[in-house]
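Report on the following structure.
Letters are used for the chains, namely A, B, C and D, taken in the order the chains are written, and counting of residues starts over at 1 for each.
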Amino acid sequence: MGGNTIGKLFQVTTFGESHGKALGAVVDGCPPGLTLTEEYIQKELDKRRPGKSSGQSPRREKDKVEILSGIFQGYTTGTPIALLIYNVDVDSSAYEKIKDVFRPGHADFTYFIKYGGYRDYRGGGRSSGRETVARVAAGAIAKRILEEYGIEVTAYTISLGGIFAKERNLEVIYKNHLFCPDMEAYKDMCEKIEKTKREGDSLGGVVEVLARGVPAGLGEPVFDKLNAELAKAIFSIGAVKGMEMGAGFKVASMKGSENNDPISPYGFLKNDAGGTLGGISSGQDIVIRVAVKPIPSIRKTQKTINEKKEEVEISVGGRHDISAIPRIVPVIEAMVRIVLADHLLRQLANLAFQKRLKFPEFFER
Amino acid sequence: MGGNTIGKLFQVTTFGESHGKALGAVVDGCPPGLTLTEEYIQKELDKRRPGKSSGQSPRREKDKVEILSGIFQGYTTGTPIALLIYNVDVDSSAYEKIKDVFRPGHADFTYFIKYGGYRDYRGGGRSSGRETVARVAAGAIAKRILEEYGIEVTAYTISLGGIFAKERNLEVIYKNHLFCPDMEAYKDMCEKIEKTKREGDSLGGVVEVLARGVPAGLGEPVFDKLNAELAKAIFSIGAVKGMEMGAGFKVASMKGSENNDPISPYGFLKNDAGGTLGGISSGQDIVIRVAVKPIPSIRKTQKTINEKKEEVEISVGGRHDISAIPRIVPVIEAMVRIVLADHLLRQLANLAFQKRLKFPEFFER
Amino acid sequence: MGGNTIGKLFQVTTFGESHGKALGAVVDGCPPGLTLTEEYIQKELDKRRPGKSSGQSPRREKDKVEILSGIFQGYTTGTPIALLIYNVDVDSSAYEKIKDVFRPGHADFTYFIKYGGYRDYRGGGRSSGRETVARVAAGAIAKRILEEYGIEVTAYTISLGGIFAKERNLEVIYKNHLFCPDMEAYKDMCEKIEKTKREGDSLGGVVEVLARGVPAGLGEPVFDKLNAELAKAIFSIGAVKGMEMGAGFKVASMKGSENNDPISPYGFLKNDAGGTLGGISSGQDIVIRVAVKPIPSIRKTQKTINEKKEEVEISVGGRHDISAIPRIVPVIEAMVRIVLADHLLRQLANLAFQKRLKFPEFFER
Amino acid sequence: MGGNTIGKLFQVTTFGESHGKALGAVVDGCPPGLTLTEEYIQKELDKRRPGKSSGQSPRREKDKVEILSGIFQGYTTGTPIALLIYNVDVDSSAYEKIKDVFRPGHADFTYFIKYGGYRDYRGGGRSSGRETVARVAAGAIAKRILEEYGIEVTAYTISLGGIFAKERNLEVIYKNHLFCPDMEAYKDMCEKIEKTKREGDSLGGVVEVLARGVPAGLGEPVFDKLNAELAKAIFSIGAVKGMEMGAGFKVASMKGSENNDPISPYGFLKNDAGGTLGGISSGQDIVIRVAVKPIPSIRKTQKTINEKKEEVEISVGGRHDISAIPRIVPVIEAMVRIVLADHLLRQLANLAFQKRLKFPEFFER
């Protein structure tokens, strides 16, 4: 039961299904006095809008966000901010004929079992990647908070379909629709996408996310470590099958003398830790890599069964992306921002007490 | 603030420092009527006891667990079970001379910053790996719960210091002190450990964890996905730098048609998903791999600074392990069990309502 | 930070301001397979609709609820149910001239301090009683859950403006607009309201709430006792200044031999406890009384100050109720239902484990 | 399931049974740098120690608290503070003969039902008032936090067995064992206790609690209102049957013009609200009254049944108090402090962000 809320002081609750009436989020814990507009949030949503290029679904989601509460005269008031995105241009007819089929790689089977057969089969319902639109909207509010402390989160594609970015040129990531930091690799990725499209198949990849300007001290021992909370947030994205931080899986073959980041009077001399020590941010960049599986909906024929356990062949044609990659990039950014905003506030409580921060007094005592 | 509690219905809170008086856990949410003894818990603790073999610290931790509450006449009563492990054989003298030094790869620096200079520098205090003894104790109670549903969790070492297990022979993992499922690889690992010990260095590795018998339906959309909660639990272990599930990072180079697990009337035909679909268990085995960094405490001289920002050379001699690997294996098992027990209970609430499970009536109506 | 979510397994998050765009709730944790319609929820909302009679604000709130998610083909799916109520017929002009004034008895001052001067002054913003419309909508879903277990919650007015109901005739409570179980008292209450209206003043009262059919065993030791959670839920309603259970404040002058409820083989012989023992439901009716303060918005001139600490006289005319009573009755019902639904599910998890409730198996093992 | 943890940033988890091995608490969220000793905590525990006077149980509980973690060199470190109180002088023999009897007014029946028959019948087990010793210990840490902000919480007995304190002379409350602010009333109360003791009966009463120096701005809309959280904390104490704030139940017969507290440039002109407006502290004293039921364990013969539904007569002799009053006073103080400390930290996070409180920088940027 439950499970659609994340965060402790900065708390995000989302709702909505792929082909339902609307998706949305309630953000509770945004401090007062921040400017916030629908345009600001929309900008983040537009990052995940499909239909801009090859490899993406032609569904013309407008994903127009509406702020329903929590803002007055352009400023946040400290009360919950509700964000609403109506589903438009929804055509569920394609799902009618496969409504009792368990699509391979999808949550159809597990939702069927978990909820005793009651499930919205249209586009995967709540389990659809489309659910993340609400996360991106909520993440924009986290972004607004982090801005005030100079914290920047940037995600980009470092591998897609087996093609690897050799460069990390962050300046070009918004100049290509795959958020790739290497324009050469980008071209190869596009080719690979086109080829895979023709084959009726799909592609996985790896996204790297970088958080810069994170102050030292965020994260709590022992279970709410910053990396633990980031891991939860990132693995809560449907297509994610792996995550590593700093040197990541390479640590398995490293020695302590190689892996430890030496410290000098001017700071750390390298960053194999990826930004945390003992689960608490060290002031270094947070560096995380995320493995993204290929989109399970493919045109190629697959074998599966239906709710009656009958064998079925399925080809999921239509309006589907070839890779989750371009859309998942802003989602990963959003989740990292949500966790950072939450831990920023948690550590501010700690710091404020350490400094015995004074409460405002209106009346003379 | 906070952060030392994990779980929603099965809730574990831990406390204690490496060189403090005691470590322990309060387990809230264990159902009534289960047999539970100190011996049962002790067995799990003994799995992580050092001093059994080469590569491990000679500190003679007895780690004798005491049950303080929640058990009556040998049965759990449904009330919180407090577990206590006194620290014995503690010698903090080695830490006096480095009390203001930030050991590389340790949390000394981040705790110093986070807590305004107040920190228990003896053996890393709360940030020590020793903290996990309380998790293992609590995990034994989770194990007791899972047993009732035939759920088994087993972790084992598949790589250490660059040596990889080729076999997955689970029958031998308790026959070697590294929990390695390949006796050939085990021998090489031991040699590597001896060599590294002589060099005054340490080693990382990879642990795989397998959960068998997990019913379909555990995990909640969208943030409390089973894999998301497992990721948090696993990344909350200090030495963890990476985690992957099923095919893991390999998905990045796979096609949808390869990655999707086909479904037949007799079940899934393979398990690249690693046991969840849409974040909910599918009834397949849960398969996770965890990257463990080399222990940062090494005899080799390292450069670092102290609290006054002065350059310091440090050689951490004494009673240290060469790899976190053998000890971390039962910790990973414990964390996976804690998450599974929590989600088992969450899904039982859901199922019980679906079945309109009757409440016991004592008086006739 | 935070604070707009209540419940553990049945979780309600609300948002919205009195004069904002919309109010709403996200209900996370409703089990699947329940029929649920907008009409069903609307019926509860209509109970708190003003303009039906004397003593209530003429504002023509339509409070039309819209379900945005979580329902498919008429059934709940187990995913979050978002409920939306747009604010219509909103005229904020009256608030412009008092926008910097702290209305006595209202939260204007405390919100001003808490949020550093950023506040939606129109109709009290988030602190308005209007916020409870979202609770009533969410409470309707809790009602739907409780129905399945034969649990009924009924609230009614037992005192208003110093006039006390002598009878507890529950059959008449929906036959008068004050939900009074005594038609004689009702008439006197109406007269009192008319008189007070002419004086430009307002009235307090007492509401009693009765929960029948609650099974024994709901509530958790020691902090999440059923009465403790009910107390939180009830005191979270703005106008509430007191709550008592069973014999309530009378226990202060009772002896143990009087106060204890004797138990016979056929059940308890009386119910001074009010339905719980040790914080856990006993199977007896839950009986709670709630003290409701007079509405602070009155036409009578009051002394207060503005944000600049200048003395101000204020007369809050316009569209205001004379007593919170009729509207607060469904709100109290809603809050009690939300707590009961949450604890029903929590105890179901416990019971299901005690019974080793089987998980559904789709594939043969 | 669960329920033994309270608080969000300042989190208290308790464990232990009346006749078990030990009771204790884990306090997570105490900021670093506070001096804290066992003596400081012991002082609070001694307030609830029986055996000091008539009307209290002769059981010689020493209730010696031990700090197990979270303190280093006399200062809090920001990590969890575990507190342990071993049960000594425990004689459970009296409970053997009533082990299957449901004592009237106790939780025996509800625990029996809830936990499927598994219950520690010795002294009520977890449902015993003795459990509150852990709360008082934890409350001492909250007290230590509040001291830093000049917040003082004081509880005292204003009625016992139908005798009412006419005065509120706080200077005498520690000069009499009932914490009564009226020495005349105290004498009458003592006489009443003696008389009731001879009758083999017990007495209820009312405790008032006063929190002074609470800054304006504590409490969160809408569910985590300060009064709502206080209500939960107070109703979580076993013997509590009612709570009112400020004018309390009197508001039911008041008019708005009487009940509203006028505001002047120098502050509020009276305090019928009892310290909060809209659920947020106003800077006025918080004033709460708590109805405490007579202790259910009495020597007088009572009718009840046992687990087999057989009629039984019971006389609970032995070492029992006549009233919960003197012991419950420090418990109420503890619970109010725990809630205030939690909300102090929550509002500090808010304030710190509003002020853009700087994070410490160790390295130059």
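Please note the rule applied: a contact is a pair of C-beta atoms (placed from the backbone, for glycine too) under 8 Å apart; a residue touches a chain by one contact, two chains touch by 3 or more.
All of these numbers come straight from a predicted model, not from anything done at the bench.
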Query raised in the report: By mean C-alpha coordinates, which chain is most distant from chain B?
Result: C
Report task. Give the chain pair, either A-B or B-D, that is connected by more C-beta contacts. Result -> A-B
Report summary line: chain B and chain C have mean C-alpha positions lying a whole-number Å distance apart equal to 44
Query raised in the report: Quick one: chain A and chain B, Cα centre-to-centre, how many Å?
Result: 26
Requested in this report: Could you put a whole-Å number on the gap between the CA centroids of chain B and chain D?
Outcome: 36
Query raised in the report: Using the touch rule from the top of the page, what residues of chain D touch 2 or more other chains?
Result: 1-5, 8-9, 14, 31-33, 78-79, 109, 113-116, 126, 216-217, 221, 265, 283, 309, 345-347, 349-350, 354, 360, 362
Requested in this report: Going by the contact rule at the top, pick out the chain B residues touching chain A in the complex.
Outcome: 1-6, 8, 14, 102, 104-111, 113-116, 124, 126-127, 131, 159-162, 196, 199, 201-206, 216-217, 219-225, 227-236, 238, 240-265, 269, 273-274, 276-283, 291-298, 300, 302-305, 309-311, 346-347, 349-350, 354
Requested in this report: Give every residue of chain C touching chain B within the complex, in rising order.
Outcome: 8-9, 31-33, 78-79, 145, 148-149, 215-217, 221, 265-267, 283, 344-357, 359-364
**Report entry** In the complex, chain C residues that touch chain A
**Finding:** 1-5, 8-11, 13-17, 20-24, 26, 28-29, 31-33, 66-70, 72, 75-82, 84, 109, 113-120, 125-126, 309, 345, 360, 362
